[in-house]
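Per-chain numbering from 1; labels A, B, C, D, E and F assigned in written order.
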Amino acid sequence: MNLLIVNPNISSSVTDLIEAEARRVASPGTHIAMATAASGVAYIETRFEALLGAHAVAAIAGERIGQYDALLVAAFGDPGLLELREVLDVPVVGMTEAALMTAAQLGQRIGIIAISRRITAWYRECVDRYGMLSRLAGIRHLDRPLRDAGTIREEHGAALVALCERAVEQDGADVLILAGAPLAGLARSVAARLPVPVVDGVSSGVLQAEALVRLGPVRARDGSFARPPSKANMGLEGGSIANLLRSERVG
Amino acid sequence: MNLLIVNPNISSSVTDLIEAEARRVASPGTHIAMATAASGVAYIETRFEALLGAHAVAAIAGERIGQYDALLVAAFGDPGLLELREVLDVPVVGMTEAALMTAAQLGQRIGIIAISRRITAWYRECVDRYGMLSRLAGIRHLDRPLRDAGTIREEHGAALVALCERAVEQDGADVLILAGAPLAGLARSVAARLPVPVVDGVSSGVLQAEALVRLGPVRARDGSFARPPSKANMGLEGGSIANLLRSERVG
Amino acid sequence: MNLLIVNPNISSSVTDLIEAEARRVASPGTHIAMATAASGVAYIETRFEALLGAHAVAAIAGERIGQYDALLVAAFGDPGLLELREVLDVPVVGMTEAALMTAAQLGQRIGIIAISRRITAWYRECVDRYGMLSRLAGIRHLDRPLRDAGTIREEHGAALVALCERAVEQDGADVLILAGAPLAGLARSVAARLPVPVVDGVSSGVLQAEALVRLGPVRARDGSFARPPSKANMGLEGGSIANLLRSERVG
Amino acid sequence: MNLLIVNPNISSSVTDLIEAEARRVASPGTHIAMATAASGVAYIETRFEALLGAHAVAAIAGERIGQYDALLVAAFGDPGLLELREVLDVPVVGMTEAALMTAAQLGQRIGIIAISRRITAWYRECVDRYGMLSRLAGIRHLDRPLRDAGTIREEHGAALVALCERAVEQDGADVLILAGAPLAGLARSVAARLPVPVVDGVSSGVLQAEALVRLGPVRARDGSFARPPSKANMGLEGGSIANLLRSERVG
Amino acid sequence: MNLLIVNPNISSSVTDLIEAEARRVASPGTHIAMATAASGVAYIETRFEALLGAHAVAAIAGERIGQYDALLVAAFGDPGLLELREVLDVPVVGMTEAALMTAAQLGQRIGIIAISRRITAWYRECVDRYGMLSRLAGIRHLDRPLRDAGTIREEHGAALVALCERAVEQDGADVLILAGAPLAGLARSVAARLPVPVVDGVSSGVLQAEALVRLGPVRARDGSFARPPSKANMGLEGGSIANLLRSERVG
Amino acid sequence: MNLLIVNPNISSSVTDLIEAEARRVASPGTHIAMATAASGVAYIETRFEALLGAHAVAAIAGERIGQYDALLVAAFGDPGLLELREVLDVPVVGMTEAALMTAAQLGQRIGIIAISRRITAWYRECVDRYGMLSRLAGIRHLDRPLRDAGTIREEHGAALVALCERAVEQDGADVLILAGAPLAGLARSVAARLPVPVVDGVSSGVLQAEALVRLGPVRARDGSFARPPSKANMGLEGGSIANLLRSERVG
């Protein structure tokens, strides 16, 4: 299968981190292609930034239509996930959604560890959109910016372990989600020291994308994920987004 | 006050309907400016179409920054509302949110009358995002497309009245929201025949925008509606959206 | 329009504070009349006290029937609000409800600052009755009694600012409601120092009452806010409350 | 024990029905005293009518203070129940609450059969106030007024059985509450024909009152059911309600 | 009436504690028989342990079928309660459920005091299963094991009082449940020092069982507590559990 | 990996159906072993039957400990799933949970098609236990017993398609779960005629088990899925269940 992983942030260094984690977990038969948002911000932490990211993902999805069997939206809060699920004929997976659905099978109450205080509100709304708020033990976050992927282990390892322990002891978490590509790498290195299982978005996203492709669900012809009704449109990115609204195409 | 009303759909005829209703209800001191999405679809009914509309509203909000004291997002589901609330220094109001908050003061259970079956799923998620699902009596919808604004009264008046009556009798609605600019005009003509009060998005939006401006709230400097943290960005519509991310400006 | 503002407490000094705030925000065309409960307690903090207040408001509403275009219940927890909405032909607005619906348009999670610890349980139930518990970030309260309206700024200003800051930082509030007439005045003086927008019940109540009157909703003839079915009654305050149960009247 | 049963309606014929059912179920050691509201309406179906009933119950509770070991509020929606729980030193029980808590031990989903369509909205809010909405299978209601207690069996028996069957088959009810004193008598005569257990408010109220008295809970000195803080009051029914606010008394 | 109280734990010393509390509260006409699980663990704190306890209770219920008018499941989390309610023809009561439904009539928000940290997650799920999570103020727990029933008062009395006070002050509890047989005894000795009413599972269970038997509900013939449909079975404990699946029997 | 699939029902013909579906979807590297409950009933439809099934699954899990890398509980309602997750060191997957988490990534509102009316209540509680009730569009069920696996396609195909269509049109389902091994086979044959994607429990269970094993989560040492605290036990099935409570073992 061809899996297109789209980073809704404009940071190609984060794309590289995602790719490394994705390749580590992917099956031999999964061919991974990466893409980085051509517009937007360096790191999505808010609703507005997510809107920009969603738009950028849509442009890429439209451009490369027909070249992938599943698409993974690879940023916090899954910008554009539900939207694209309406217009694409193949499974669309989100890092957050996949991590939640995976974690839910490892414990009842899920703790989330995030990268900044600002991101937590947006992340909580995302959990709510998936109807999983009752499963959320809480969201805890690092306090200092993650600057250098090369030194992240030294700088943040101890803080991450401490956050995880508090999520278990004080919030009652049974399982944890480390919510960000840089955290995914870090998580692997500290997992053995943590008191409960941890899940990361990149691994969960790849595994769930593979599972959905193997399941081979039919495309919705009715319900709220059927293709939007045909209607006039204009100004859609020189055709790349308009591609997504065309009814005749190869998925 | 200067109120910018943005139609997230590309249909200028709908913009005209919105403007007519808005002028009818606005205070003498309210100066209304209208704008129509430069990209997107003719009529938003789905999540994906709403993403396109949100992006188009953001472009207009950025282009005209400094020219308005409040902005009203004038389409179902309030595309871009929460997102823009983060980046604008003035109140941002949505037709749906304003109608819900207004209706909530007229009855406990709110029935919504929508324009098509397809739109109801998206609309329900919107009510949910505002935490108002427990107030929702139900969503009912017309079955035939609204084609001609000129003959809408003849074609749909009776159907609308029947839907409203069923929302009250079968769903237990205490108050109704007519969810669409074309319905707003129609609603006025049938209101006296309805068993409970009706609210429409355009009127509610204008009234709530005026109320918020008169209240004069300070701009959030913290919390999840403070301006997004400063960071690198690129490709943001030749500057119009980038305007929204600049920290120094006249609101 | 004629707006009758009823203080469900027996304290005329609080009535004066409410009036001052109300006149400050009201439109030129709004004529404000004040009334103070003839029975009840000095300051409502509990369910039982609210029952007394609700009964006192009903007596005033019945006495002055025909003299107002909207009625504002001006105390915490909106004593009698939903009840009066059944029997009056004009909009009935509550300080708490109006503040919640206004605040909801300025941020997703709403923090409430209250006047005493005891009042918080009653206030939380009130938020719940409006279906807004999922929007509530938390309720924080002052610890010392508000005695002298004249020196309130000196005595409580710093404590209020500190509470507001904690509501934002620890509870995740995006917007705050200052829940009491004395706090309304105090709020204005400290608003510029607060990290998020603040809303008070008196201003919100007046603005929402004006909005509802301008909207001109029809009177419910069906649903749970239609007039109660005609039936025998007795002992209703020498007629003032009985007025509210009569089916033929000028609203 | 002395149990005071207060009918918040002014109808002494309903008081008689309640008394008959109460005596049937009460323990030999339970001495029942009845009281009927001195003000209010013939039959409470709405929020406003319930406010009148609550006030009337409070007047009786204050008048007879010291004469009862428990008080049962004997009407739909428990007018004044939570309010009186703050000011009385003895257990206060409500027909609805007692029926819900009893029914909850006989099945997971509870169906309610009510006496009129109008009453259902008020009743649903009551279930919600007790946090039991997730246990509610639905509320169904008779369509014709219950006029004559003498012929109720002939007139409504078949309709009642049909409603109960539909509540089980269509709403998924495991247990039913017959919500009204007249229905209680009727229920006994049809119980054997019903597919699931039925509970009525009068029996549940008496049994729960006896259970609470035997449990002998201490009076709350803190929390939201402690006595309201001492403060000035006025106009409280010539002393009968004022009795309830006095801090020194024999419960 | 004959009340069979089954301890789902294998500890006969705990059975003795339960019996002592049960006899203290039972009516003269209630004949109590005790039983102790023949398989399982010493003290149930987790879901898996509760499964073992539920199975052991079912074996006893089947063995003694026809010998009791009500059965009380006497351990935290009510192992087997809802399951047995399907197959027994008499009321089945659980300590936790009975305590919740009793406490709910004494206050709005219920605090639970538990015996260990580990047990709290299981207990919370139990409250949730009954739909009472919105009534839960919180769960607090002792930190040290309860070893010796003889010295429990000296060892844990002060800690228990401190937990109760914090549940009221910090969690907003109006009423408390002391969740364990050993705590029941302890509770009686400290009740007078606590700020709000306390309820224990053994007393509540006995009182609610008596109330249900006096109510005399019919056996469900439909809904989800009707007897399971007849079908093949095998291996059911030499007949004791198979007894429960037989359709013709004396309850 | 070695996957142990346990049928909690005693019907080996159903075990065969499960095996056939499981082998169809499993990866080449997945070695499947099947087991059938040695005690219990032919087909689990109720809480009590599920208790029997859970106990039987535990006995098998204990007997074969060390022989599998993941265990799939293969019946409706996942009997014993959360319980076993506490005591096994390997991932434990349930048909229902896996189907819900898979379906959740294909649509927002999930419709469930069940095998009998009786099973729907138990199934709904299962969805609720996973916190997914807000995602549930509804549960619809076949009306006639599924007797002969050989002729199921002819007998029930049309009924199944009709149920699915109604779930989409009337309940608003975006995706469907066919909840039973016999339905899984049937589903494949009708999938192309259905308007939305369908998911079955067997396929979802196998795919999710594979995903979890590849993820390689650490075993919880804290939280509510850590091993139960060491304590006395007795009577646990001649050692097979006792195996599960031993702290030193090879997972």
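What we mean here is this: contacts are C-beta pairs under 8 Å (C-beta built on N, C-alpha and C of every residue); 3 or more make two chains touch, one makes a residue touch a chain.
Keep in mind that this is a model prediction, so the values were computed, not measured.
Treat each pair of touching chains as one step and give the shortest count from subunit B to subunit F.
So the least number of steps between the two chains is 1.
Steps needed, at minimum, to get from subunit E to subunit F via touching chains?
1
Among E-F, B-F or D-F, find the interface that matches A-B: by residue number, over half of the contact pairs should be common to both.
More than half of the contact pairs of A-B reappear in E-F.
Based only on mean CA positions, could you tell me how far subunit A sits from subunit F in angstrom?
27
Mind checking the centre-to-centre distance between subunit A and subunit E? Centres are C-alpha means, answer in whole Å.
Computed value for the inter-centroid distance: 44 Å.
Give, as an integer number of Å, the spacing between the C-alpha centres of subunit D and subunit A.
The separation of the two C-alpha centroids amounts to 52 Å.
Find every residue in subunit B that makes contact with two or more other chains and list them.
Within subunit B, residues 82, 108-109, 121, 125, 172, 174, 223-224, 226 contact more than one other chain.
Which chains are in touch, pair by pair?
A-B, A-C, A-E, A-F, B-C, B-D, B-F, C-D, C-E, D-E, D-F, E-F
What part of subunit F is in contact with subunit A in the complex they form?
25, 82, 85, 91, 93, 97-98, 101-102, 104-109, 130-132, 134-135, 168-169, 172-175, 191-192, 194-199, 203-204, 207-208, 210-212, 214-215, 217-226
Under the touch definition given earlier, write down the residues of subunit C that touch subunit A in their complex.
Residue positions touching the partner: 108-109, 172, 174.
Can you tell me which positions in subunit D touch subunit B when the two form their complex?
Listed in rising order, the residues are 120-121, 125.
How about subunit E: which of its residues touch subunit F in the complex?
Touching subunit F from subunit E are residues 10, 38-43, 45-52, 54-56, 58, 80, 82-84, 86-87, 116, 118, 121-122, 125, 129, 223-224, 226, 228-229, 231-237, 241, 244-245.
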